[in-house]
Amino acid sequence: MSTHAENIAAASKALRQVSRVKPAEIVFWLAALATFFFLPDQYLLLNEVVITGLFAVSLDLVIGYGGIVSLGHAAFFGFGCYFAGLLTKFAVPDPILGLVLAGIATGALGFVTSFLVLRGSDLTRIMVTLSVGVLLGEIANRMPWLTGGADGLQGVAPGLLLGRFEFDIFGKIAYGYSLAVTFVLFVIARRFVFSPFGWSIRAVKQNALRTSAIGIPVNGRLVVVYTIAAAYAGIAGALLAQTTSFVSLDVLAFHRSADLLLVLIIGGTGYLYGGLIGALLFKLVQDTLANFTPEYWEFWIGLILVAIVMIGRDRITGLPMHLARRLRGASA
Amino acid sequence: MLTNLFDGVAYGMLLFVIACGLSVTLGLMNLINLAHGAFAMAGGYITVVLVNRVGVPFFAALPLAFILSAAIGLALERTLYVHVYKKTHLEQVMFSIGLVFMAMTAVSFVIGSEQKFITVPAFLDNRYEVFGVSMGAYRLLIIVVCGLLAGSLQYIIARTRFGSQLRAAVDDPTVARGLGINVDLVFAATFAVGSGLAGLGGALGANLLGLDPTFPVKYMVYFLIVVAVGGSAGMTGPLVAAILLGIADVSGKYYLPQFGSFIIYVFMIVVLLWRPQGLFAKVGGR
Amino acid sequence: MTAALQTTNLIRRFGGLIATNDVSITLERGARHALIGPNGAGKTTLINLLTGVITPTSGSIMLDGHDITHASRAHRVALGLVRTFQINQLFPGFTPLQSVGLAVSRRLGLDRNMFRTIGSDPRVVESCVEVLERFDLIDVMNSQTASLPYGKQRLLEIAVAIACGPRVLLLDEPAAGVPEGERGEIMDGLAALPKDVTVLLIEHDMDLVFRFADRISVLVAGALLLEGTVDEVSNDPRVREVYLGEAADV
């Protein structure tokens, strides 16, 4: 039988264990940093991967942590993209300021629409999120004077980054920028999910009834996580606008939301790294397939989706699962 | 204006026939199937091939579209869907999106991506004036056929033994099994019929709705709206929801063309906010 | 002395059905009070009225002098009225330590914090350990809740409720579904409840009731048949009649 003091020590350790930085995580980020120095030919591709990864992490917050199945997350991505694009083009050339403002604006949009996903079944939430996404796409389509319509918003030229670095055509500064932003936001998100607030959100997903029986306001928590996730998605969109100097209607398209779900299915939900890993794997798969069958690669994506669900994620993902266990620690 | 109403009702009933299968599978098996529109598409293309290429008469092709779509549905249900019933909604969503991708690209590959029209008998192009309301013969046909289908469905569910087994299984599959009802058979039959109806609806509606490989994605939202708003507890809910949707969409596009499909989405969001379980859902529905 | 929990002429109708019929119960502070009655007597409805899941047709509910008749569910919890569920409502993916930790964080008002990690506050840890020790869950505190034997899960259900720091605790059939061999753990758990917490126990297991309760209320068809000490109730012929056919060791 252990003494009270021993129990305290053990409990303290166990509680902190979950949130301690695992060695695998350090390896992960060092590897990411290494790509910046050692893969100059791949900057444009890597930039896409990182932006998609950030976008996926934001969706993971909603689905993996909040338990809200959303099929319209692209709405926030697209909104942030257009907002930042317009802002940078017409008003605020400073990239970081533009980024922050886009994040705030998209967060506000998330907040305002959050009440839509609080009630109802999974199907209701899917419908509502899908509709918001499609609606936003429609709005963008019908305002070509603002959004450039089908041609897209061109000439988004951000100013000097931090007053010193110019966005070059090789994408080096762009990638560094995206990577740094993603890293910072990831660290914040990581802190957030292991905080008491984050735990309460995970509790809501597992058992909303019990969570409210403890006295935690379920709806309030969901609103917060949805808002934060929207802000993150908006920032990811803003990054896209700023680093590619172009915004098209595609950012609001349904297939963005669908692709993102695929990213999370591949990478796994509920442990934050799934979005990043999934984005990388998805990009690799997509590129390979596109080279293989440029016109019908979506067929193979569909097949992969069906296969993953049928066989079950756990049985397929050998290596990523192992990685996930290392990154996840005691529990997710 | 009444013509709009008439057109809207026709459109709505078409949506109902296609979407009712989706509603029942959701209520019965708790399955979110975003690929349902693909069965409608299948029915459409089957009819195109039968009528345009093989020369089968239009009215003979319709039942064939039903049967073949039902067969495809049954095959997929027994091989694939049956494994997905127990999975989370997210996984079902992913699964069915995957199927849709496959279906759409496969069709595009085999038949091509241009829009296809079914050559219908000439008399269906007529328009009739009834009490000052201009009605197209084709739409009239749709209303009649869909009305008959809706009526038969209601009869089957309410009056036949299969119908009561179905209702029992929807209410509580475990108890139903305990009563000796072959729930798996009910699932399979229901899925097949639902797919068949979707195919029939797709065949009927091909010329009206526009048949091309993007059909499932284009109209998926509409079918889901019918189910989400109408609830998955019976036939009345989706029928009313579908007709309302049809009228709203047609009128919206006519009176406020610059807003197009806006109306639909806003309408749906408003309804779902007011009644998250749908307009007609039973208490404690899913 | 203000009663910890008091209902006065509580009535709840569902259309023509009277589920709760003029129920008046008073619980003093620290009471160990049991509520028994055959199935369908309206015990669940009463709990739902007390916790705010449904509102009464008429009558009032007072918690420590506060009128909570129409208070929201969250507000009642904040005022110290906590319940357990007949069917476990736990967090399958958390460990007992984490589950209790969340409840404790909430009680200490720390649950809205978005930056500190959950184990960093020593008060939280101290409280968690105290609760876990009390209910003999220390040994399994780091196991996944879903992997625990049912008896331990039932205890965890109670532990999480206690971690909320309740003044009044409503226990909804804590022994329900617990295998015979693990009943003893539940009894130990009930015995370990803090003395200053007022407990209303709903149970079918008479063994548990007679060992645990000081006073018993008998609910039949929505109305209180009688209320009294354990001896009074167990010897009352009307109670035996109501329980004819049920396995009651009186």
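Each chain gets a letter, A, B and C, in the order it is written, and its residues are counted from 1.
FYI, a contact is a pair of C-beta atoms (placed from the backbone, for glycine too) under 8 Å apart; a residue touches a chain by one contact, two chains touch by 3 or more.
Quick caveat, the model's predicted, so the values are computed rather than measured.
If you take chain A and chain B together, no chain is in touch with both. Of all chains shown, the one whose average CA position lies nearest the global CA mean is A.
Centre-to-centre spacing of chain A and chain B amounts to 34 Å, using the average Cα coordinate of each chain.
Centre-to-centre separation of chain A and chain C, using mean CA positions: 42 Å. Between chain B and chain C, the centres computed from C-alpha atoms are 49 Å apart.
Contact of a single residue of chain A with at least two other chains is seen at no position. Across the complex, chain A meets chain C through its residues 2, 4, 7-8, 10-16, 18-19, 191-192, 194-200, 202-203, 206-207, 209-210, 212-217, 330-332. Those residues of chain B that touch chain A in the complex are listed here as 26, 32, 80, 83-84, 87, 89-95, 97-106, 108-109, 217, 221, 224-225, 227-228, 258, 260-262, 265-266, 268-269, 272-273, 276-278, 285-286. Chain A meets chain B in the complex at residues 63, 69, 71, 115-116, 119-124, 126-128, 130-132, 134-135, 138, 142, 254, 258, 261-262, 265, 296, 298-299, 301-306, 308-310. In the complex of the two chains, the chain C residues touching chain A come out as 73-74, 77-78, 82-83, 85, 89-95, 97-98, 101-103, 105-107, 110-120, 122, 124-126, 128-129, 132-133, 138, 141-142, 144, 160, 164.
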